[in-house]
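Consider the two complexes below, in which subunit A is the common component and subunit B and subunit C are the respective partners.
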Partner chain A sequence: MLRIMLFTWKRLFRDKTNTFWILLFPIVLGSLFQIAFGNFGESENMSVIPVACVMEQTESDETFTKILKQLSSGEDAFLRVTECTDTQARKMLSKKEVVGILYSGNPVRLSVSENMKTQKIQQSILKTFVDRYNMQQAVFYETMQNAPQKLNDMMQTLQQDISYNPDVSLSRHPEQSPFTQYFFNLLAMACLFTSVGGILVACHNQPNLSDLAKRVAIAPTHKPIAIIAELLAVTIYEFILNSIGFLYVSFVLRIQLADRMPLTLLTMFVGCCVGVSLGFFIGCFGHGEQSAKQGTVFAVTMPLCFLSGLMIAEVGIMIENHAPIINRINPAMLLTDSFYRLSQYDNLNRYYTNMVTLIGLTILFNLMAFFMTRRKTYAEL
Partner chain B sequence: MNETAVKVNELVKRYHDLVAVDHLNLEIKQGEIFGLLGPNGSGKTTTINCILSLLNYDNGEIEVFEKPMTSDNYEAKAKIGVVMQNVAVFDELTVYENIDYFCGLYIKDKTLRKQYTEDAIRFVGLEDYCKFYPKKLSGGLLRRLNIACGIAHKPKLIILDEPTVAVDPQSRNRILEGIMELNRAGATIIYTSHYMEEVEQICKRIAIMDTGKCIAMGTTEELKKMIKKREIITIHILSVTEDDLKGLRGLPHVYSVTFKDEKLTILCDGGSHNLVRVLDYLQNKEYSFGHIHSELPTLNDVFLEITGKELRD
Partner chain C sequence: MQNFKTFFQISKKYIKTCVIYFVIFLILMIAMTHLTATEKTSKFTADTVDFTVIDKDHTQASQALIDYLSKKHHFVSFDSEDMDSIKDNMYFQMIQYVIMIPEGYEEQLKDGKYEDIITHSMRTDSAAGYFFNQDIDSYFQALSLYHTAGTSLENALNQTEEVLTEIQKNKVEVLTFEKSNNGTNPSGYYFQYFAYILIAFMLESMAPILSAFQKRDLAARISCSSMRPRQRSIGIGSGAIAFSVILWVLIVFAGLITGQYRMDTPQTILYMAGNSFIYLLVIVTLTLCVASFHLGGHSLSLVSNVIGLGSSFLCGVFVPLWLLSDNVTQIARFLPTYWYIKNNNMLAGFNGEAFVLGNYLQNIGLQLLFAVTFLTVYFVIHIRRQLKLSDI
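Up next is the complex of A and B:
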């Protein structure tokens, strides 16, 4: 078994087509993503938003000042506040030294420049912040006037970080570019491309598919052992290639993908398992040349990647809204979502569900493939 | 050695309505080179695939080394080596690695495997190409590699399915010599081909197949004795009169005389000195003639006489 694995590794190592699709293609595509999206990340440093603040001498200034101080101090500060006059603030805005001007008062007002097109996301964040502050301030004043006895309860409620999604905790990487999502899709695609290796396993072990398989079939080697050895070798090898791709994206392209390295690698390994199994299943399905089966594999995996949002990010969201079951069984989406959750969430319940589904798919594909290859003799060769 | 290597009894294999092998019976003794001769589509490869338990069949029994052959008869499988009709090697492995890999499917002992691999390389004359990848080899060398992969584990039964297709004459001779050498070393050989000269050259016994049936079986001599034709005399001559054609037909052992395109063809059913008698007759009639050929019947003649069609049709 080990010998079959060793020779399989040798063959895979020298197989340029396999290396291209599993290693080089994701690296090239990742580099292109970086070229395409890299500027967005640089021009929009979302970690700290520079903002000018004009105090208008109102009753609520003190609270507002405290909140601004809180948001602009510490390691996870997301505002850099410059307190100044209206004239100075406008000058700074026109020079693009700040993203917006905050005017204290009730309500707090925000002024932004239409010319700062590249900082739209930061402007949106400021707008969200101002809206939320005003809403809370309004609730506070209304409660104080109409039901002061409930003020304490209300304060406690406001202090809680109300979330509509119980999974959502504070983002682990708030500074992460929204385009990182594409790299998660890319990793998922690379995992599914390992199905090319699964095709090879099928073609080398089904006598009705190749003469090589005939040679293996007439040898006194147990067929399931030969298949399992080759499947295992292919999965491990493709996992190593994918890991190299992952390291390239992380350390060469400097895309912050995840800080849970062991779990991320585990996800990639499970991704390779499901990819190889999918290829093995497709390879065992019917007659046909190896190249035709490889074409079939791409014809299956690319639409899966498309549905997960590889080409258009909104596709995945649209499916989630209208047909979520597709996202729950699409391996590309399950992998993308798993990478995303590892990167962004403290709560990993959904991640574990994804992993269980992926392992289930791996078992299902392998069982179906073994069911098709269980024949010991063939009606036609 | 009179023990049976392969016994096929009433084998029937159908592909839907087509009967690929039709009640075939074979008994191949250990130590012989057995030829399966027949045109393309006659059922040779199907028979081989059934013997190897790759194909399931509709009727009959197959025994290899006196035990029923099944896909999990690993004891029998370990004694069989197969050289496929198509080259079946890994493009990503070198010549040495390919032979080593396939040998390793049979031989677990590392030292023995190394020795067998080197023996196989020497046997097919690929010593200078050990580190070459198959894509760098010529057609003939590739065929030799294909053979080495099939015989490296020193099997007792070697099945060669058209191993010389698309091979240059030099490589073909080397392959045929190699097969005879393997047989001398004790291996039983089953050799399928549609090249009658090859089969005639190396096989001790031959089964001629057509449309899935065995139409004749025996040694070359036995097969040739099955037909009336024993000698074919061809003489290039400008013209022959009808009377002289009749006269020639009257000679002893002559049973057919035809004249077409300045070529006189005389078929004899046995006897000796037929050519001398024919030439004496023509000289007495003062004919001048050119090229003269006298041939013994070939397996193609056997096939032609039994089936009414050429072996290479």
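Up next is the complex of A and C:
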């Protein structure tokens, strides 16, 4: 058995192009993800918002100007105000020099441009500011009419710096970027792409598909043992290559995956097992050529990765909310979810359930594949 | 012409795989379009935040807070015991904000103890949580002001809701300076995902056909013919273009049948289709280059994913271009997908930009430059290889 494993490793290592690309795949794609998401949302940050202000000569102009001055001065200023006429303000808005126009008065009004959809967050922040200002103005106006003696107390309440609603994080790593999930998906995809290794094992045991298989078929070795040895060798080989990619993602790109290293590596290994056995199962179907079977594997794994949220992040959780059974049997989602559980949860019950399901799938794929390969005879080759 | 025919003879061998890829990628493309096209709104509305509440007080006061926030934002209901589900939904962006109302909330309000009266958990990466915080602060500020004015809690709750509802009636004026598409039509998303699907499909299905020409025996047979190297390359190249044009027609036609263009003018669709056709030429030439390296099936899958997914994430196919940082867009400029997506964004009105024919043609020109570059690389590789073979 060891001898077969050794020869399999030799054969795999000689295929330099494949080895090179399996090794490089998570590294290159991980680096590209890091470039794309490294400063993600930078344009969405709450930096200073340029705004034009038109004074409509009302009673409340003085208070409004005072507040705008407060909000646009100092280090933590959130507005940059340009006071101007309506025509000038509209011109500035059309040239996208400001995000919105504030009109003083009771209530204060806001105008934004439909041609600045990329600044929607900043527009929303302005709207929230305007609403809050109008609320304070309305409450004071109402009190002035009903209970003017309380105005001073209200002023004091308003000036108190009270935190009503402090932040209490629910996750294990609240600082972790949510885009880390794309890296989980990437590692899951790398694990599932090992299915091509399973195809190789299947084709090397079908004498109508390769010369090597013809030689293997006439050898006196017990067939199941030979296949198990080859499957094991391929799994270990692919696991080592994928682990290098994982280490690169963890330590070079600094994606938070390494704080439960043994369990993460176990997940990678189980992922490679399920990938190879899936490939072996598909490879044992029919008498198609190796390239056609490789194509089939890709056609199967890509939709699985899509359903786990590789292209659109929300897909996985949408399925979880509406048809969770799909997530329980989709190996790509089981792997992605396992990496996510390891990174975000203290309680690992669901992680262990995922692992058991993946091992179950591995056994199922292998049993079905073995069932298809047994008692195959060839009248002529 | 002989190489052109040979191309289609070889492609017959791969027809089953091509059909499987085509069906799967088309389903993915339509699914992605459907998932993303239904989320957006056309006119300006202050961003609504998807939130949930873990209410342990279950009183009139706690319900009043939930009712007020639900009017402005989108309340998502969960079984409050299932914290795992809430955490997962927040991590995967289905909700952005969780409010926790503790037991004794109403009593605290009656006593005028507003400090840390509730707690929350929100996604740290998005500004959406910031203005949700502002809304909650406005609510408690109004409540505390009424309380200070001597109003009873029940009346204060009612008055707060009234005043905040009244303020919501003060609508934001939306000015339109340039007429643009509304950014919600499925056609824009359909052609956006075309960018990824095309790379993945072409590299997976056409590259193996082209690689067959690199096989030693076939290459040697072709090289000993009387044809000039350039003629041979043109023959293969024309076959690849004809193959991809058939594919392009099928995809555009599939969009028509599945109703992706129902909300657009024929002119917009023509511009989108024109943009995608030029992009098709770029990807054909890229495939010719990649196939020249004679990669095996597995390597080809990995390379196609690296190119397809990598360029899609960098150039705004899967995430909007304007959310990427400036550094990323500077890098993306060196990729053809960026210029394709820029045109598509403009036509679909994703960023509110109006259609300008000059900009459209400029982006088309830049894509063509990429096509010429890839084609030059292909000719250089191909001719050098032919010369090498003729030396044998």
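Note that the second predicted complex is superposed on the first by the 239 of 381 C-alpha atoms of A that agree within 3 Å, B and C clash if a C-alpha of one lies under 4 Å from a C-alpha of the other, contacts with A are read in each partner's own complex, and residues count from 1 in each chain.
Please note the rule applied: contacts are C-beta pairs under 8 Å (C-beta built on N, C-alpha and C of every residue); 3 or more make two chains touch, one makes a residue touch a chain.
Keep in mind that what you see is a predicted model, and the values were worked out from it rather than measured.
Trainee: Once the shared chain is lined up, is A:Q344 touching subunit B (first), subunit C (second), both, or neither of them?
Mentor: So A:Q344 only meets subunit C here.
Trainee: After lining up the shared chain so the two structures overlap, which partner does A:A313 touch, if you call subunit B first and subunit C second: first, second, both or neither?
Mentor: After superposition on chain A, A:A313 lies in contact with subunit C alone.
Trainee: According to the stated criteria, A:E75 is in contact with first (subunit B), second (subunit C), both, or neither; which is it?
Mentor: neither
Trainee: Comparing subunit C with subunit B, which touches more residues belonging to subunit A?
Mentor: Counting contacted residues of subunit A, the larger count belongs to C.
Trainee: Quick one: is A:R11 in contact with subunit B, with subunit C, with both, or with neither? Answer first, second, both or neither.
Mentor: first
Trainee: May I ask you to decide whether A:M154 touches subunit B, subunit C, both, or neither, giving the answer as first, second, both or neither?
Mentor: second
Trainee: Touching subunit B and also subunit C: which subunit A residues?
Mentor: Comparing the two interfaces on subunit A, one with subunit B and one with subunit C, the shared residues are 15.
Trainee: Per the contact definition, I'd like the list of subunit B residues that touch subunit A in the complex.
Mentor: It comes out as residues 15, 49, 52-56, 70-72, 74-75, 77-78, 80, 82, 84-90, 92-93, 97, 101-102, 104-106, 149-150.
Trainee: Where on subunit A does subunit C make contact in their complex?
Mentor: Per the stated touch rule, the residues are 15, 17-18, 20-22, 24-25, 28-29, 32-33, 35-46, 90, 93-94, 107, 109-118, 120-121, 123-125, 127-132, 134-136, 138-140, 142-143, 146-147, 150, 153-154, 156-158, 162-171, 174-175, 177-179, 181-182, 189, 193, 196, 290-292, 294-296, 298-299, 302-303, 306, 309-318, 320-321, 340, 344-345, 350.
Trainee: For a test of understanding, state which residues of subunit A touch subunit B in their complex under the given definition.
Mentor: Touch residues, subunit A against subunit B: 3, 7, 10-12, 14-15, 207, 210-212, 214-221, 376-381.
Trainee: Quick check on the complex: what are the subunit C residues that touch subunit A?
Mentor: Of all residues in subunit C, those touching subunit A are 14, 16-17, 20-21, 24, 27-28, 31-32, 35-36, 43-44, 46-47, 83-84, 86-94, 98-100, 114-128, 130-131, 133-138, 140-142, 144-146, 148-150, 159, 163-164, 166-168, 170, 172-178, 180, 183, 196, 200, 204, 208, 295-299, 301-303, 305-306, 309-310, 312-314, 318-320, 322-328, 331, 349-354.
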